[in-house]
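What follows is a set of structures to go through.
One chain, subunit A, links the two complexes that follow: it is found with subunit B in the first and with subunit C in the second.
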Partner chain A sequence: MRNTTAIMNRELLSLFCSPVAYIVIAGFLLVTGVLAVFTGSFKPGAPATLRMVFEFTPYALAFIVPAIAMRTISEEYRSGTIEALMTAPVSDAQLVLGKFLASLVFYVIMIATTLVYLMLMMVYGAPDLGASLAAYIGLILVGTMFVALGVLASSLTKNQIVAWMIAAVPLLVFVWFSGWISRAAEGWWREVFRIVNISLHLDQFNRGLIDTEGVVFFLCTAAFFLFLAVKVVESRRWR
Partner chain B sequence: MIDVKSLSKHYGTHHAVDGISFSIGEGEIVGFLGPNGAGKTTTLRVLTCFHPATAGSATVAGYDVFTQSEQVRAQIGYLPESVPMYPEMRVREYLHFRGKLRGMTREQRETSLRGVVERCWLGDVVDRPIGQLSKGFRQRVGLADALLHNPPVLILDEPTVGLDPSQIRETRRLIGELAQQHTVLLSSHILPEVEATCQRIIIINRGRIVASGTPEELRERVAGTSGLIVELKAAWTEIEPALRGLSGVTEVRGTPDGSWTRVALRAAGDQREAVAALAAGRGWPLRELRREIATLEDFFVKIVAGAHEAQTVPVE
Partner chain C sequence: MAVGTQATKRHWLYGINVIISVVVATAVLGFALVLGAKFHTSVDLTSTGLNSLSQRTRALLAGLDGDITLTALYSVPSEYVEVDQRRQDAVRDLLDLYEGAGRGKVTASVVDPLKDRGKIEEILNRLRAKPAYADEAAPHREFLKKFGEFCERLQAAVTADFEQCVKLADTDPSLKRSREFQIVATNLRRLGNETQTVVQEVAENESRDVPAYGRAADAAKDLLSLTNTYLADARGWMTGKIGQMPAVSDETHAFFDATAEKYKPLVDEALALQEEGGKLGSLKLDDMYTALKGWPDRPPILVETADEAFVVPFDDVWTYRDRNTPPGAGPDPSRDFAGEQAVSSAILRMTQKEKTGVVFVRYGGDPLLTPDFNNFNPSMGRLPTAPCQELNGLLDKANFVTAEWDVKTAKEPPIVEDAVRTIYVVFPPEPPAQPNPMQPPTEPGMSEADKQLVYDAVAKSGMAIFMARWQPPASPMMPMSRTYDYLDYLRQTWGIDVRYQYVTMEFTSSPEAPNLWIPAHQDPREVLVVSTPTIEFTDHPIGAPLASSQVAMVLVTPLAEFADAPEGVSIATIAKVRESERVWAFEDVQRFERDLREKSGTTPDTDDIRSPYPVAMAAEKAEGGKLVVFGSDRFISDDLAQQAGLMVVGGGFATYQRYPGNTDLFINTLHWLTGDADRIAVGPRKGGVPMLDKLKPGAAETFCKVFIIGVWPAVALLAGGAVWLFRRR
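Our next item is the complex of A and B:
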């Protein structure tokens, strides 16, 4: 546990020492800001909810979250610091978990910046706080899964851009196209793409429902990706 | 402390390390010497559990590097060859981080940090980001990191690369001091370096151990056949059979130099007296008679120069 927090803290320190962190947060705020305007969430007479903003947020997260996680492990490979790290008494699982938690903390901080919109809304109206809470829980669950995939991608290569692509491409498929594919597909494919349709799961949270199927889906896929990441890091010891 | 038995590491068809065995006792300083690409770093990486061996076994402080990897790593202070560090961290932060990974409490870290900062002369840079430090300082931070948890075994991969001459001397002195409490295995491709710091030398080339022993032992082995340089004023045709007639002479080569002849000869033992007597007997003027003492350097260069030669030179 101590090793995991040590790795997490160090990773966060590095993240916030580099300009990437601030660019990512600024980019995210820009996207959600544009969404807030284009969805007309702040129009007079519109319902006081961020639901429309959050509905489109995953489309942006599919690009942004892989960028948060892409450097975590691949940078260790590239700079060779993995040698110093793995010759200290640190287990592979501690490494992966520490990197994952650091990215997740960063993600939560990034998501928290959108609370500004909610506060603005509270000034001018009365948004449903319960539903907003559910929406935030949904976003954090989505983030957990995305970050885990990002860390897995990062463990596969020493090139950050490649790591970004490995994570972003499947996410784009799942988020942007799975609805379309599940409508076009027949038989069991249809069912598969309905289950992996992230927007569909998230929609439940946006409505204010904490949906068990969604919770299980996001947490289990996250655990699965992390498990794979540990195995990838471990495999280096047997090659 | 360190026991290696017929260890091999293959990368595809390339045999980086090919069945080496050695053992290092407690409190010894052992130098791992070899040209670049001889398999030094590969061996050290196996010992520090960074990557597995293809075959063979190794134990450090009684723990097996394959099955008890974490215990082994807790016993080792390792300075990797390229000294990888996070450039954005300050020296103090980095050392604290490394201490935490070794399970040290805050008080332990504070005390031992003060110690290693002083020992590795880091006082001036302890609050500077590592990315701003010169290679020499980074090397010292790496050394400080390896010493931080006071491990029984120190494995240092080329500890003096990139240091200036005075730093090299200081580092050698430091390593010498460390041997009182630690077992040290260090690698180098520079012979004087190992000769100056180590009690025992293991010479490795192309993944095999070609010689090992104390510097004195190795020197004796090398000096077994010594060379003589002789300059005589006489015709080569006369000189050659006369010198060949001396007992123990195995090789005679001459080059004319005006009316003089410069002869290089190899012989068992010291033949200077016999050569001088011969010259005096024949009435040949003699203007140089010198024994070429083979150095470890020659031996090492020979090993580096040709693998075939290296396989025949060593250790009877």
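Our next item is the complex of A and C:
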């Protein structure tokens, strides 16, 4: 655990010591800000809820989160520091978990910056804090899954752009089209696509519901991607 | 070489190991996801419990004696129409909640009839087997059997007779010239054709998946009516007018005499059958089948007990949303999801067999529940109506039995059959007749003895609703001022004061003089109407569930707790006019009219009552007895409670009920009085979404936008710049 924490701290430090992290956060805030204004969330007399913003946020996250995670392991490959890590008393799982947690913490901080919107709403109305809490839990869970996929993609290549594409393309496909596919599919496939429909699960959280199906989906898929990432990193030892 | 072989072997070993572990991990993931989807539960974090069943529904389900089956027939015909999917999801979520709260007594499912035709068949078979419908159609079948036999004879007779008429016309020119003969002959041919058509229609209805005996019987009754008319006319002509045609041959006369004789038993039989058919009502199974068949456009929810079933119509589940519901609240942009209200009401209706009588008490005036046809003048071209006619039907649906008591004419309250208890709804007595407004009334008003009859009935039942209203003061046109006759009783017995001299009005700033006020409603008919959100509910059990419903009242008079309220009575406010400088209760209406005329606006006077103040109050006695007073007697009348509005939906207009909360408020009151809090309607779930009501257009709105899009991202960028600068140093 200590190794994992050490790796996480080192990653976070390197992240926040570079202006890139702040640019990413600023970009995310700009996108969500535009969403908040264009969905009419801050119109006089509008419902005091960020639901409309959160409904569209996953589309932005499908671009942004792979960018956060793309450098985690591929940068180690590119700079050659992976060899040093391989010989250090750190297991592959600790390495992957440390990198993942660092990206996740960064992601949570990024999401937390939108709490300012909620505070602004509290000045001008009385938003449902319970529903907002559920929505934030949903965003953190969806981020957990996205970050895990980003780490897996990063473990597959030393080229960060390729890593970004490996994570972003399936996420975009799933976020943008999973709802449509699940409606178009028939029978057994319909149920399969319903189960993996990210928007559907996230919608439950946006409604203020903590649904165990969504929790299980996001956490299990995140664990699966991390497991695969560990196996990929591990394969460098015997390939 | 050996090292190379070992390395290859090691690669294979690790490779296979990784493949196996990935396959196992994938299987575990799939298993976990399927389990997660199958056995999931949810926690509702919304402060209003928006995604949960109300306490009342949960109590209702917990108290179920028998099993309930809920089946929603919701299809998603096109993946491009997202609203269908969202509706189906919303209904599925709701039914899941019912199943979860039903503790094994509720089985719920959503059937997509497009994908699962077999299920529909299964549902229809299940309905046919229910005791309430199994023998329901026996009289209809018997009637149709007799009708079929009758039709065979009728068709044979009229077809042959028509052919004979054609032959006779060819040989007898005088017949051919007779207009009456031609009508009779044409009618015989038409009757033959019509009989054939109806026989086919009956056969089709009888051979459907669910035989529509009711519809078949209706078709048969129509034909019998036609038969009677045509055959009676034909007989009349054959035995009468034909005699006035001397040119007609004896042979022809003989034929028509025989035919007229032949038709007599046919007409008698048709009359007998028509009488028998008249006693047959519509079949519940037919109606249910028709409602279920509408699933492509108006998907229904079927609620079943072991004995019977009820179809919850689409419009009850998805009510047209009112204009004040925020956009984006709910799965359908054009409708409110009132699924819980509709399904719970259906379950209540089917499981609660005890009925409550509701007696509408008046003194003089026109009937309230059923139109009075005594003085009906057809030349007026308009059928008489009663002010609470539609409400009467709604009360019947909600399991109440209604009656009316005119204390002026009947000195005993009516006995409501089938009711285990009675609630009295007491309206203000009508003022005595005053043909000349400048002269005193020609007859006395309600006497103390008559009032005592009402008080005794209320005391006996222990449950009453008193409808108060503003009583106009004396004016040049009407020098006699009016009072509220039940005022002393309400004050001294229940501790509720009715400020009947005051009437509530809503105002807006005068465009000509900002310190003056003019009526908020431009439509003169609505000047004295006060609606949501000016009227707001407290957390009293009657009104709290309707917090997000639209209600309106007219001629609203303020209520108050009487200063010398009797002991042992607890009084609570159900609804009030909310605090606002724009709303107050006027005492001197003539001053208001004068102000408007002379100053283009008015201001509240020191004698006026400023908001907030109660407009609906409940009182409960420690020793038993409940009473509710409303400051408006017309809020339940159909012209307000059932008033429809027009809204733009898609490319066209749709009607919606403007104030659906009015009826709910009245029915909730009845349930509260009877102690059936579980039966109180919950109102459509509109989310109770809090609004940004403090955010005003202008500077504050611009600040929000600039801060969100500009300032806040810039702060993040500035932090990045600072870090960059710090690192460079």
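We take it that the second predicted complex is superposed on the first by the 239 of 239 C-alpha atoms of A that agree within 3 Å, B and C clash if a C-alpha of one lies under 4 Å from a C-alpha of the other, contacts with A are read in each partner's own complex, and residues count from 1 in each chain.
The working rule: a contact is a pair of C-beta atoms (placed from the backbone, for glycine too) under 8 Å apart; a residue touches a chain by one contact, two chains touch by 3 or more.
All values derive from a computational prediction rather than experimental measurement.
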Inset, instruction - Would you sort A:161 into first (subunit B), second (subunit C), both or neither based on which partner it touches? - result: neither
Inset, instruction - Considering only the touch criterion stated at the top, classify A:34 as touching first (subunit B), second (subunit C), both, or neither. - result: second
Inset, instruction - In the three-chain superposition, say which chain, subunit B or subunit C, touches more residues of subunit A. - result: C
Legend entry - Partner chain in contact with A:91 - subunit B first, subunit C second, else both or neither: first
Inset, instruction - Quick one: classify A:169 as touching subunit B (first), subunit C (second), both or neither. - result: neither
Inset, instruction - Return first, second, both or neither, reflecting whether A:119 touches subunit B, subunit C, both chains, or no partner chain. - result: neither
Legend entry - subunit B versus subunit C as contact partner of A:13, first or second or both or neither: first
Inset, instruction - Once the structures are superposed on A, label A:81 by its partner contacts, choosing first (subunit B), second (subunit C), both or neither. - result: first
Inset, instruction - Once the structures are superposed on A, label A:180 by its partner contacts, choosing first (subunit B), second (subunit C), both or neither. - result: second
Legend entry - Partner chain in contact with A:211 - subunit B first, subunit C second, else both or neither: second
Inset, instruction - Enumerate the residues of subunit A that count as touching subunit B in its complex and touching subunit C in the other. - result: 17-18, 238-239
Inset, instruction - Report the residues of subunit A in contact with subunit B in the complex, numbered from low to high. - result: 2-3, 6-7, 9-10, 13-14, 17-18, 79-91, 236-239
Legend entry - Residue ranges of subunit A in contact with subunit C within the complex: 16-23, 25-27, 29-30, 33-34, 36-37, 40, 42-49, 51-52, 113, 116-117, 120-121, 123-131, 133-134, 179-180, 183-184, 186-187, 191, 194-196, 200, 204, 207-213, 215-217, 220-221, 223-224, 227-228, 231, 234-235, 238-239
Inset, instruction - Can you check the complex and tell me which residues of subunit C touch subunit A? - result: 10-11, 14, 18, 21-22, 25-26, 29, 32-37, 40-48, 50-51, 76, 79, 82, 85, 89, 115, 326-329, 687, 689-697, 700-701, 704-705, 707-709, 712-714, 716-717, 719-721, 723-724, 727
Legend entry - Footprint of subunit A on subunit B - complex, ascending: 45, 48-52, 69-71, 73-74, 76, 78, 80, 82, 84-86, 88-89, 93, 97-98, 100-103, 145
